[in-house]
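You will see chain A twice below: alongside chain B first, and alongside chain C after that.
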Partner chain A sequence: MSHLLEVKDLVTTFRSDGKEFNAIEGVSLHLDRGEIVGIVGESGSGKSVTMLSCLQLISSPGRVAGGDVRLEGVEGNLLDHDAESETMRQVRGGRISMIFQEPMTSLNPVLTVGYQIQENLMLHTPGISAEDARKRTVEAMKMVNIPDAESRFDYYPQQFSGGMRQRIMIAMAMAPRPDILIADEATTALDVTTQAQLLEMIRTIAKETNTAVIMVTHNLGLVARYAERIYVMYGGHVVETASCRKIFHETQHPYTRALLRAIPRLDDPKDRILIPIDGLPPVPSQRPDYCPFYARCEYRCDRCKEHKDYSMKEVKPGHFSACCLTEKELADREEELKHKDYGASPERHLTDKDCLVVKDVRKYFPVYKGLFRQKVGEVKAIEDICFTLKQGETLGVVGESGCGKTTLARCIMRMYEPDEGQIIFHGEDVAHKKDRELKPYRPQVSMIFQDPFSSLDPRQNAGSIVGESLLIHKLSSDRADYEQKVDDLFRKVGMDPAMKDRVAHEFSGGQRQRIGIARALSSNPSLIICDEPISALDVSIQAQIINLLEKIQAEMGISYIFIAHDLAVVKHISDRILVMYLGRVMEIASCDELYENPLHPYTQVLLSAIPVADPVIEEKREAVSVQGEVPSILKRPSGCPFHNRCPKCTDKCVKETPVLHDAGGGHQVACHFC
Partner chain B sequence: MSQTNSKTAEQLIKEHKAKHRRQFLKTLFSRKIAVASFVIVILMILAALLAGVISPYDPNVISITERTQGPSVAHLLGTDEFGRDVLSRIIYGSRISLVVGVLAVMIACVIGTLAGMVAGFFGGIVDDVISRIAEAIRVIPQVVLAIALCAVFGGGIVNMAIILGISNMTVYIRMMRSQVLSIKERDYIMAGKLQGNSSARLMFRHILPNSVSPIIVTMTQQIGGTILSEAGLSFLGLGISVPTASWGSLVAGGRAYLLTNPVYSLAPGICIALLVICLNTLGDGVRDALDPRLRGEI
Partner chain C sequence: MVRYILQRLGQTILILLIVSFMTYLLVDFLPGDPIAAMTGGEISGETYDRLYHEMNMDKPVLVRYVLWLKDAVTGNFGTSQSYHMPVTSVIAERLPVTIYLSLMAFFISVPLGIVFGIISAVRRGTAADTVVTTTANVCCCLPQFWLGILFLYLLSMMLGWLPASGFVWPWENFVESVRLTIMPLLCLAVGGIASIARQTRSSMLEVIRQDYIRTAKSKGLKEKKVIYVHALKNALLPVITLMGLRLGGLVGGSVFVENVFVIPGMGSLLVNAINSLDIPLIQGCVLLIAAFSSVINLITDIVYVIVDPRIRVA
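Right after this comes the complex of A and B.
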């Protein structure tokens, strides 16, 4: 049987430090018409390189070293054609289209969007007249649900929001009617509700036009919801492939198994412990010639090391795995692992003492314009924020970009002074204190940052980064005591104190985040604000950090404010959750209550947009759709900020801003209907 | 923690550091031209340091009998209108050029970096004042400014260095200000602030070390230009006063004898050109070797 696209034994090498190493080693995959296939893997696993290699888009120092790529309707091996040849240029964009992650940079800002779509269309449709091309461009724009497509033809990319730009990218990719659409992390940079809308739309278009779609992503939930067949990649190899359902329910390869145990899910029970995958993914230049997962595998045995042929074998009909262990061996080991003690989820010390009380906090940023910097308006970043946090409790803060999560965090940290309101920390209002008066407050509240690469000073060694607070606040008695305390902090976050002389760039992302946590702990704080602490990390590392944070909380009784957009993670770690939308609190409830009984329409939409990494559950879930995108904070709607997207909207919602009120049992919600 | 474990870690770190140093030197000296420049600059510095030992004559001794001679065995580069040995004067003149060049760049760098850092860090009115002063200095052409300052304060090595330093300062102010503006937004500066760091500590411990490499590159590239400026001013008679030899004044002195004794003027001119070219090449090499894209590799 011949497929639409068939890739066999694709090898791509990169040259670094004068040595050549394989970025991908013998990847094989195939694709049929109208099929949606997911390729999942962590960063560096070779997902994108595989796709780029097929299209011969690998640039120096990389090169495609071998393999066979066949596309229906093209004579011979695609790789035999010159990268610049007419055939390849027609394949790229004409037969196989690709959309990328960053919608902000993938459109040319000096050309109108209509022109850009039309240009691509005309390149790949010989003999089309400009008039027809324009007509088809408008059609394509309508297909991706861009309102007023005719008039938007002459708009420039910067006049569109991120989600809209990605729609335009899809329109551009789909306009020449390709056979294959490759979406390389196409929705990763977007908000969850927008992401759900876009993928839903891609699926509809693909089914209508019988286009095959390859979804390249690291998000297992997304492939569970949208893909029909899945390829799991690790260390430059495809390690497992099967239909979506089989991957999740009859998981074969130890890597896939480990991955599924490491990620938190929206439907998890509260006390589930995540089982992290130890270690780090192998660096391509130091990959062993046997199974690349060997070093981190819980199923490994001596035979694995001798098994050099790492190709896929059919385990069950249609289910391929690259593991050399037999099914019996895997099952036995699985049974053993079930009894292995991973430690219970750490015990919590919730107290009744209030750690932080935030009352009616408001922060507006002035907007200046013109030569004399006249104030022309205000950005209403956050408004009427009220919540309390007990000592030892974790409050999750969720919301889409621009909802004011970070502004709120910075107000509590007193990077910003709120315009109004009180921030009562252990009985003392710190909202309007001066910089100098804040000195005793600083060590008691710390922060963990999102980006482990920019949050550590690249010129300082790890030891002085961690120990800085000790020096500033004179928390150590002498040199020996200081060294001792720094060593203890390193051990607390699971790192070898011998590494404290290294500088930041010598650590991996996960290790850097551990150093960031050690720094936050150094002043012995009672509150830590975690601003998206794991969203920049690989899936297999995330669980390590989550577990570490939970362990530290149990040991030290610290309160966390955990800011994230990934609701599954927030649910896993939080006691209560606060949902924000455009600078206002929409709903506050305990974790389980919020997930089982979301009251606010926005919370319902948000929850529904998060995919669960389980296709069976995905099928049963009911989808709550929402119109439009999160409006810019500069143009916040009057009344309830959600009214223009809310299915239940009435006149009252437009005119009156709902106040946060108790809907019973501590479940607070800001909606006129609840 | 076992002893052996930490030892291997220490060794690893040492290897890492050694590797970075090696990488820097490897990139710097991978180009033949950079190696050649380096050697020439070192030779010139040695010549300046050992001027008393290697120069064949006292540079300021007048000999009426040997006036304006061409190159000979006794005087390799001939003599000037007072019979002084040109080679000796060039060797001694290199001291002036190098001292003024290095000193001026140091002055410019220290003042400019501090001012730029303060301007970028505090912003607002502080920034406005410093930036306007820097702009005011910039709008006056450098040579005109130097001539004016020379006329007021007079020549001399230290005065020359200060004058050239002030006119070069603005480069550092602008560069450092923009560096600070971008570094200030990084998370580690915010982390530092939230830990309760004072502004001074933030600036000197976190911001300054992270802006060192562009400063070093600018410094190496500016020394050449400054030496050229000094030579130019001396040529115009504004710089170092007679009878002290400076390369610029030597070129000026030989101007009248260009047809009869071209070596007198050409030799110091070639020296100036050679030193400046070599310093600039070396500056380019340092810039490439310090490039963070190359450094970032682990």
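Right after this comes the complex of A and C.
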């Protein structure tokens, strides 16, 4: 049977430090007309390299070392054609189009979007006139729902929002009517509601035009929702492939199994423990010649090391896996693992004591303009924020970019002074205290930051990063006590104190985040604000950090404010969730209540936009669609900030801002209809 | 846009005021007696006193500056004491020569610099790149006067190929003009070619790594088109700043070259004026060079706005 695209034994090597190593080793995959295929894997697994290699877009120091890529309608192996040859250039863009991850940087800033779409179109449509090309460009822009497409032809990319730019990328990729569209993490950088809109659109367009789509992503939920067939990649190999349903329900390869156990899901019961995958993915230059997952695998046996041929075998009809263990062996081991004690979900100490009460907090930022920097307006970052947090409780804060999550965190940290409102910490209002008066407050609240790479001082060693606040707040009696305390902090976050003389770049992302946690713990705080602490980490590492945070909370009775855009993670770790939109609180409810019974239309949209890593559940879920994108905070709509996107909007919503009120059982919501 | 230009012009006037005041002060601090320098010192005490009074030397420096400024705003920059002519006509005689040389040097160095820059960026790591980069690095740090003397020694004194000094307009005697301007132009242009090539190379390399270049390649564009349509336009933005700086600096920089090759331009005029403590002439020259630099800067900024849509629409 011949396929639209068939890749066999693709090998791409990179040269570094004078040594060549394989980024991907013998990847084989195929694609048929009109189907949507997902390629999932963590960073460094080789999923993007595979796609770029097929198109010969690998740039120095990498090169495609071997393999066979066949595309229907093109004579012979694509790799035999020169990267710059006419054939290859017609394939790129004309037959196989690609959309990349970063919408902000993937379009040329000095050329108009119309030009960039039209260029692709004219390149692959022989004999098209300039007029026709312009007409078809406008059509393509309309197809991806860009309003006023005609007049926006001459706009530059920076005049569009991120979501709009990605739409333009899609218009550009689809304009020459390719047979295959590769979406390389195309929606990863976007907000969840925009992501759902775009993927829905790609699916519709693909089905209408019978275009095959390859979705490259690290998000198992996305492939569960959209892909028909899935390839799982690890360490430069495809380790498992089957239909979407089989991957999730008849999982074969130990890596896929481990991955599914490690990710939190929106429909998890509260007490589910995540089982992290120990260790780190192998660095390409140090990959073993046997199974790349061996070192982290819970199913491994001695035979694995002798098994050098790491290609996939058909274990069931249409289901391929690269694991050398038989189904019997896997099932036996699975049974053993079920009885293995991963430690129960840690015991929590929820108290009735209020840790933090936030009342009507408002923070506006002035906008200055002109020669004399006059104040011309205000950015209304957050207003009317109210919530309480008990000691030992975790409050999740979710919302899309620009909704004021970080401003709120900084107000509580008192890095900003709120313009109005009270922040009552253990019975004392700290909202308007002077810097000096805040001294006793500072050690009691600390923060864990998003980016483990830039939030650690590159020149300070790990020990002094962790110990610094011990010195600032004079929490250690002498040198020996200080060293002792730093060592304890390292152990607490699961790191060897011997590593404390190293500097930040010597650690992996997960280790850096552990150092960040140790730093936050050093002053023995009773409240920690976690600002997107795991979103920069790989999926297999995320579970380790989530578990660590839960363990620490149970041991020390700390309260968390857990800020994230990933609702599944928030739901897993939090007791209650606060939903924000454009600087206002939309809804506060306990996790299960919010998931079972979301009241606010925005919460419903948000929940529906997040895919669950289970195709069966995905099919049953009802899609709540939403129009438009999150507006800029500078243009917050009057009344209810969500009214211009809300299906239930009435005149009252436009005129009157709904107040947060109790809808019963502690479920608070700011909507006129609830 | 109009408002922006007006605003910038206002700033330029402020800059000129400051520059003129600073030069006035500096010249006042110079050792030597302007009257003695003007007359050669062989005058009676009476004449000296009369001149001293006529030139307002008896008044404080601030008052003298204000008096000078009063005349200057009406277009009267005073009379040169060494040329015995109005400053404006002395400058009008010399300025075209300098502008001619500067613009010629500019138009030679910009395209050559950009071409060399592109070649070494596109062929990064090859022999061509090494040659261009090394040469550019060496040429960047060669002082103009040293280059001038070297050329003089080699091309006129040792080989006798080119005349050593003087200036003729091309429409007076074309061949002679070309022969006379080769060496000064080389001196003026070498630094420009080198620095523009270096800047073009580094910003090209920066741009080639960008995501939108990968996008352009993924469309199946020819390598040439990717470089000349998608990369170059972005890469030239920082080069424009540099071109403005070069052009603004050329007029001031001609001081050395004009002196080495005895060219009757602004540079040699300024040196003469300082040597003879000709205060009105110094003021006029410095002010003109400052005005020239400011205007070029303004033009650079306007060009920037036109070329870079990010600034235009922001």
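Going forward, the second predicted complex is superposed on the first by the 674 of 674 C-alpha atoms of A that agree within 3 Å, B and C clash if a C-alpha of one lies under 4 Å from a C-alpha of the other, contacts with A are read in each partner's own complex, and residues count from 1 in each chain.
Rule of thumb we're sticking to: a residue touches a chain if its C-beta (ideal position, glycine included) is under 8 Å from a C-beta of that chain, and two chains touch if they have at least 3 such contacts.
This one's a predicted model, so the numbers in the text were calculated from it and none came from an experiment.
Aligned on chain A, chain B and chain C: do they clash or fit?
Superposition result for chain B and chain C: fit.
Looking at A:498 after the superposition, I want to know if it touches chain B, chain C, both of them or none. Which is it: first, second, both, neither?
first
Please state, to the nearest 10 degrees, the angle that the Cα centres of chain B and chain C subtend at the Cα centre of chain A after superposition.
Once the structures are overlaid on A, chain A sees chain B and chain C at 30 degrees.
Output check: A:472 vs chain B and chain C. Expected answer is one of first, second, both, neither. What do you get?
A:472 sits against chain B, while chain C stays out of touch.
With both complexes overlaid on chain A, does A:446 touch chain B (first), chain C (second), both or neither?
first
With both complexes superposed on chain A, which partner does A:455 reach: first (chain B), second (chain C), both or neither?
The answer is first: A:455 touches chain B but not chain C.
With the two structures laid over each other on chain A, which partner does A:480 touch: chain B (first), chain C (second), both, or neither?
So A:480 meets neither chain B nor chain C here.
Give one of first, second, both or neither to describe whether A:55 is in contact with chain B, with chain C, with both, or with none.
The second partner, chain C, only.
Which value, in Å, gives the least CA distance between chain B and chain C in the superposed three-chain arrangement?
Minimum C-alpha separation, chain B to chain C, in the superposed model is 8 Å.
Which part of chain C faces chain A closely enough to touch in the complex?
7, 210-212, 214-223, 229-230, 233-234, 237, 307-310, 313-314
Help me check something: in the complex, which residues belonging to chain A touch chain B?
16-17, 413, 415, 438-439, 442-443, 445-447, 449-451, 454-460, 468-469, 472-473, 496-499, 501-502, 505-506, 516, 519, 523
How about chain A: which of its residues touch chain C in the complex?
Residues in contact with chain C: 55, 57, 84, 88-94, 97-98, 100, 102, 105-111, 119-120, 123-124, 156, 158-159, 169, 172, 371.
If you look only at chain B, which of its residues touch chain A in the complex?
Interface residues on the chain B side: 1, 5-6, 9-10, 13, 16, 186-188, 190-197, 201, 205-206, 209-210, 212, 296-298.
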